[in-house]
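So, here come the structures, one by one.
After this come two complexes, each holding chain A, first together with chain B and then together with chain C.
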Partner chain A sequence: MPAAVAAGTRPRSGVAPPASGGGAERNRVSRYLLTQTLSFVVTLWAVLTLVFFAVRALPGDAATILGGLDASQAQLESLRGTLGLNRSLPAQYVDYLGDLARADLGTSLRERRPVVRVLLDRLPVTLTLAGLAFALSLLVGGLLGLLAGLRPGGPFDRATLLFTTVALAVPEFWFGFLLILLFAVNLGWFPVIGLPPQGLTLAATWNLLLPAVTLAIPRAAQLARLARARVLEERGSDYVRTARSKGLRAPSVARHIAANALPGVLPLVALELGGLLTGTIVVEQVFGLPGLGLTILGSIAARDYPVVQGVTILAVTVYVLVNWLADLLQLAADPRLRAPS
Partner chain B sequence: MKRVRLGLLLFLLVAGSALLAPWLVRHDPLEPDYRARYAAPSGEHLLGTDGLGRDVLSRSLAGGRVSLLIALSATGLTLLLGGLLGLLAAGVGGLTDTALSRLFDALLAFPGFLLILLVVAILGGGAAQTVLAMGVAGSPVYFRLTRGFTRSELRREYVLAARALGAARPRQLLRHALPNFVGSLGVQAASTAATFLLVEASLSYLGLGVPLPTPSWGNVLQDARSYLTRQPWAAVGPGLFLAAASLSFQFLSDGLRDVLDRRE
Partner chain C sequence: MLAVSFHRNLRAFALAACLATLGGSALAQTLTLAMSAQPDTLDPQVTAATAAFQVGKSIYDTLVEVNQAGEIVPALAAAYTVSDDGLTYTFELVETTFHDGTPLDAADVVATLDRIRAPETGSPKATEFQAITGVTAADDRTVVVTLSQPAPALLATLASGWGAILPSEKLAAGHDFGNQPVGTGPFRFQGWVRDNAVTLARNDAYYQGAPALEGVVIRFVTDSAVQLQGLLTGEFDVIDTVAQADLPTVEASPDLELVREPSGLVLVAALNARRDYLSDPRVRRAINLAVDTEVVMDVAYNGGTQVGTFMEAGSPWYPEAVEPFGYDPEAARALLQEAGVPQGLRLDMALPQPYEEHIQAGQVVQDYLRDVGIEAEIRIVEWGVWLSQVYGGPFDFDVTVVGHTGKLDPSGRLSGIGDPTRNYTGLDDPELVELIATANRTSDPEARADLYERALVRIHEQAPFLFFGTPDRIYARRANVDGFWMTPLLDSFDFRQATLR
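Right after this comes the complex of A and B.
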């Protein structure tokens, strides 16, 4: 395994393996990309099929909800006809996939407008919240893990351990409570709840900081744990000993360790990023933020199934997509994965 | 071993006080006392009272009984579901294996909390429904673990020897393969129980889990949110008990893993 050894001793090299292996590597990489992409498509299809059946298993159908309690049987039947609900399940399934391909998610029963519009209205709040939380957890989690792993057993490591243990022992909304009490009620730096009437403006982004911190706490903790473990693993390897014995200074050694350890954290980062779109549900409820989370909760309660289906489709698509991208990114960040196994 | 003991002690403390609550506390968890609303902790109410004057300690203990029962049952279900089907897939192989693997892959490709939310929405809220939803959502991990372990054990020589002696497939799986990785499943299960405690709390907090008036840690916290600024104590009590319980599972999981690692 010449390429793997080279990459192991010279972590940031990115040097292509010997010329003779160049074409073979490209072949291997493109085959890998192809299988990954195929499995992405198949997974997405499977997940969307699961959503189709799940939404149809929800109690009561759209006609009974639209028609109301005093609709006659005949009225219900004609409603089902216009909604296409009286057709066979396979026929509905084909329609469903066709509509998806045209980005048509149906019409909200409650708001009487296209689901896509509803989602686009609510998306900015959730995306900003998720983006802030993601950046925070990446920064804090990565840094804590790296610094703790570089000096295991030290005071910083112990403090990090305490933080991660507590952060993972309590549901995130409980930290939301604490943050509200401390920063909104006692210090008055933030509003206790919600957004100003004009919605999400640049100034109102400030209101999203507490919810973002709430979301970031357990995610940063998880990331810190994994990053620390990866750093510890790398610390014991030969190239680190070589680098130290030739007199390389600590920051440079740390840079080498980070370059080798951090790609291994990517799958978890992807899981977290992909899960943030649904992770916001609870936090949006705690802070009263009108995003996708409050939308899906309200739609479940009001049996507005097209919207439930729409949010679910959006969330799972993003989830699958992010995980696929992370695989590709890991391949780009870690030359060892491109080497023959 | 130290951490296993610490985890066990913490668990027995929380679970024991939750079970023995009727003999430990003076106040009924559901009984309002309008003269004692929003009371701070005192000798009478050790953790204060909530917006209806109900004793927070009593409610934390009563909620613990429900939340712990749900988390543990869901862990059992997910272990059974994923484990048995994993054994089946590895033991039978062929089309059964492929079909089951694809099914669990699809489940795993779903963001977990959303899956649980949808299943609860389909089945309606309630303790049994919550258990079922979490049991299903957690199972892919156990399916993968069990299937992987079983496949590697079945290739070992001692299984071959058992086969040569005429052991049937079920016996090979349950008597020979399973005991070799049951410890690893236990490590994972303890950590799953901790996660399920938090998930149950979130679901009940959203009003989708255990319906009121039956207290669970989640819906007691939901109730506390509505007067959080007036009575923070109502949120502190159940939060501390919840943290102690999930920490106990975390300690058990970490400790058991250390014990297993050392043995190898």
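Right after this comes the complex of A and C.
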């Protein structure tokens, strides 16, 4: 599979695969894209079907929640009619898939507006948070792992080991509370509550730093561990010995090691990016951030089926895209994968 | 015709508002309140959630409203008359405009009341309007409401958040009031970021005189610890929840003030009369005697006043003859023995998540019941499951703990228990049902009070609940906040006279 993409990606270095028949290449590329798209659609359908029925298997529906303690049975029934909940499950399922085929995600039962609007309102917060956390964990984790791996047993390596052990042992919400207590309550550098009343603004991006750090800590630690192990492995390789013996200076050697260690780290990076989505649910709750995490919790509690399904679609799409991106990145990072089979 | 007409001294109001505005003009007068719940929608006609009405109070007005003393007073209706037979209500409207600039007229009231009664609206409060047979505009400023039978609770309904008056032009256009509310209220809706905040700006054209505050920000903060931190740092001016452990902190701080006032809640453990042994009133009374509800109130609800029937303490409707049961485990054991309850009887106690206070109360009850030989097994259920399986449908519980919110009229409190299809306790008592139904349609105040009293005494004797009590409404504000109050029984936030010093 990876070889097929080679012609499509045309990576940076000069190690291009030898040109073979252009038509055959194009065929392989379109076949690759077709299978990828097909597998995405099948995955989405399977997950969505599961979520569709699972969320409806929960006792209670949006009408019982909206009705509270005061509504009579007759009122709940008429509310169900208004919300479209009184039709049979198969009918609802078929309708939903039909709407979906026309790119209509439906209407939120709780917010009574299109699901797309609900998601678009919330997405910027979660994306910014996840993006910040991802960049932080990459930067800190990669750097720590590299530096620790280059001098194993040294004081920096030991400090890194201590950090990663603590960071992986402690649940992330606890770091969140700690950071709030220190930086928001005691030092007053951040507000105690996530974002200003109008939501995410450019100026308010600063407020996302604490939650991003919270989210990044365990991920940076994981990355640091793996990067260190990969660097150690590379350090013992023949090419490193050769480079050293011909008098290459340490920073240049380190660059070579980093370049070769990278492909082995990428799958974990992709996995983490997917994991960030679940991580944000916890962190958004701790910091009270109006993102997708709070949306999914709130819509499950309110039995807002269309929104739960909408978030599912989003999550599956992001997950598939991220893995696809990781494939491509790995190709870019490792010339060996691009050799024609 | 029995004429009840009121004249509001609008000039005094306007003057007070002007003075307040002058006094505060030096500061940016925006008050921030943190609340633990949040509205599902701001359309007052499609929800039953207290949070929606707490916020909606500042955006919408009602024909009549509740003042600080708990009395129903004129609002958008400057005056009203009730016909002698109690079947015709005539409302005279004040002159004011909606936030979109359209003037209020009788057609708005007609359209509003037509919409909430329409089945396709799906309002959970529609039953409260069911006695209405017609709403017509006699002229531009006069609305006539006709009823099929006397409904003394109608004014209470119209004073509640779900009686909010909406503009007919926008109703006809299918406007999305849930996300873009438009009313005549003291503040205009500015924006709503869900899970975050609602922003409101002063309505300079408010008919009672513009409020002193330029704006109000209502923040949704679930965690009471975060609420308190924000109050301490000054991010919030008012918070609606104070945890028991934080009471000393608030009381000790010179910058903060703790407010304790009566609430409209009745806290109970419902006893499922459909189940073995619990169908026997002696057993239900024994359970009431077996639990020291003062301890329950102190441990779980920050204290309060015990009650002995299904009416909040301090209510004018609370019958003088009814005392709380009192704690008497000896008498409880004797009653249980007399009713033939076996030692070690197991009861299923379903407690609703995420209401920590009810779960705590359930744990205290469990301890007391063990003392009289009853084993209550606690089962925590999520709120949606609780509503559909415990409170509704299969009534899957022996004991469950919940709070019933305040109602302006006793019919709101008692109709549920008087309607066999809605009564989750399963108490089958035709005499009680008849008493409540008669009271609900009796116009004569004395006869009505007598009927409710008899119903409440009967509820005490039948004991479909283990009655806990009425908790205090506890909230906190910064010491420089003046004039903020919460509507009695309805708990709505009233910022109209609020200022920041």
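Keep in mind that, in the parts below, the second predicted complex is superposed on the first by the 236 of 341 C-alpha atoms of A that agree within 3 Å, B and C clash if a C-alpha of one lies under 4 Å from a C-alpha of the other, contacts with A are read in each partner's own complex, and residues count from 1 in each chain.
Simple rule for what comes next: a residue touches a chain if its C-beta (ideal position, glycine included) is under 8 Å from a C-beta of that chain, and two chains touch if they have at least 3 such contacts.
Computed from a predicted structure; not experimentally measured.
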item	value
Chain B versus chain C as contact partner of A:Leu294, first or second or both or neither	second
Partner chain(s) touched by A:Val166 [first = chain B, second = chain C, both, neither]	first
First (chain B), second (chain C), both or neither touched by A:Glu111	second
Contacts of A:Leu58 with chain B and chain C, given as first, second, both or neither	both
Partner chain(s) touched by A:Val185 [first = chain B, second = chain C, both, neither]	both
Which of chain B and chain C A:Gly264 touches, first, second, both or neither	neither
Touching partner for A:Pro211 - first (chain B), second (chain C), both, neither	neither
Chain C-contacting residues of chain A that also contact chain B	58-59, 180, 185, 192
In the complex, chain C residues that touch chain A	34, 40-41, 43, 46-49, 119-127, 176, 178-179, 191, 193-199, 217, 219-223, 226, 229-230, 233, 235, 382-385, 387-389, 391-392, 402, 404-405, 412, 416, 419, 421-422
Chain C-facing residues of chain A, complex	58-61, 63-73, 75-76, 78-79, 81-83, 110-113, 121-122, 180, 184-185, 188, 191-199, 288-290, 294-295, 298, 301-303
Contact footprint of chain B on chain A as seen in their complex	43, 46-47, 49-50, 54, 57-59, 165-166, 168-174, 177, 180-181, 185, 192, 274-275, 277-279, 281-282, 285-286, 296-297, 300, 308, 312, 315-316, 319-320, 323
Chain A partner contacts - residues on chain B that touch it in the complex	102, 105-107, 109-114, 117-119, 121-122, 124, 194, 198, 201-202, 205-206, 208, 218, 221, 224-225, 228-229, 232, 235, 239, 242-243, 246-247, 250
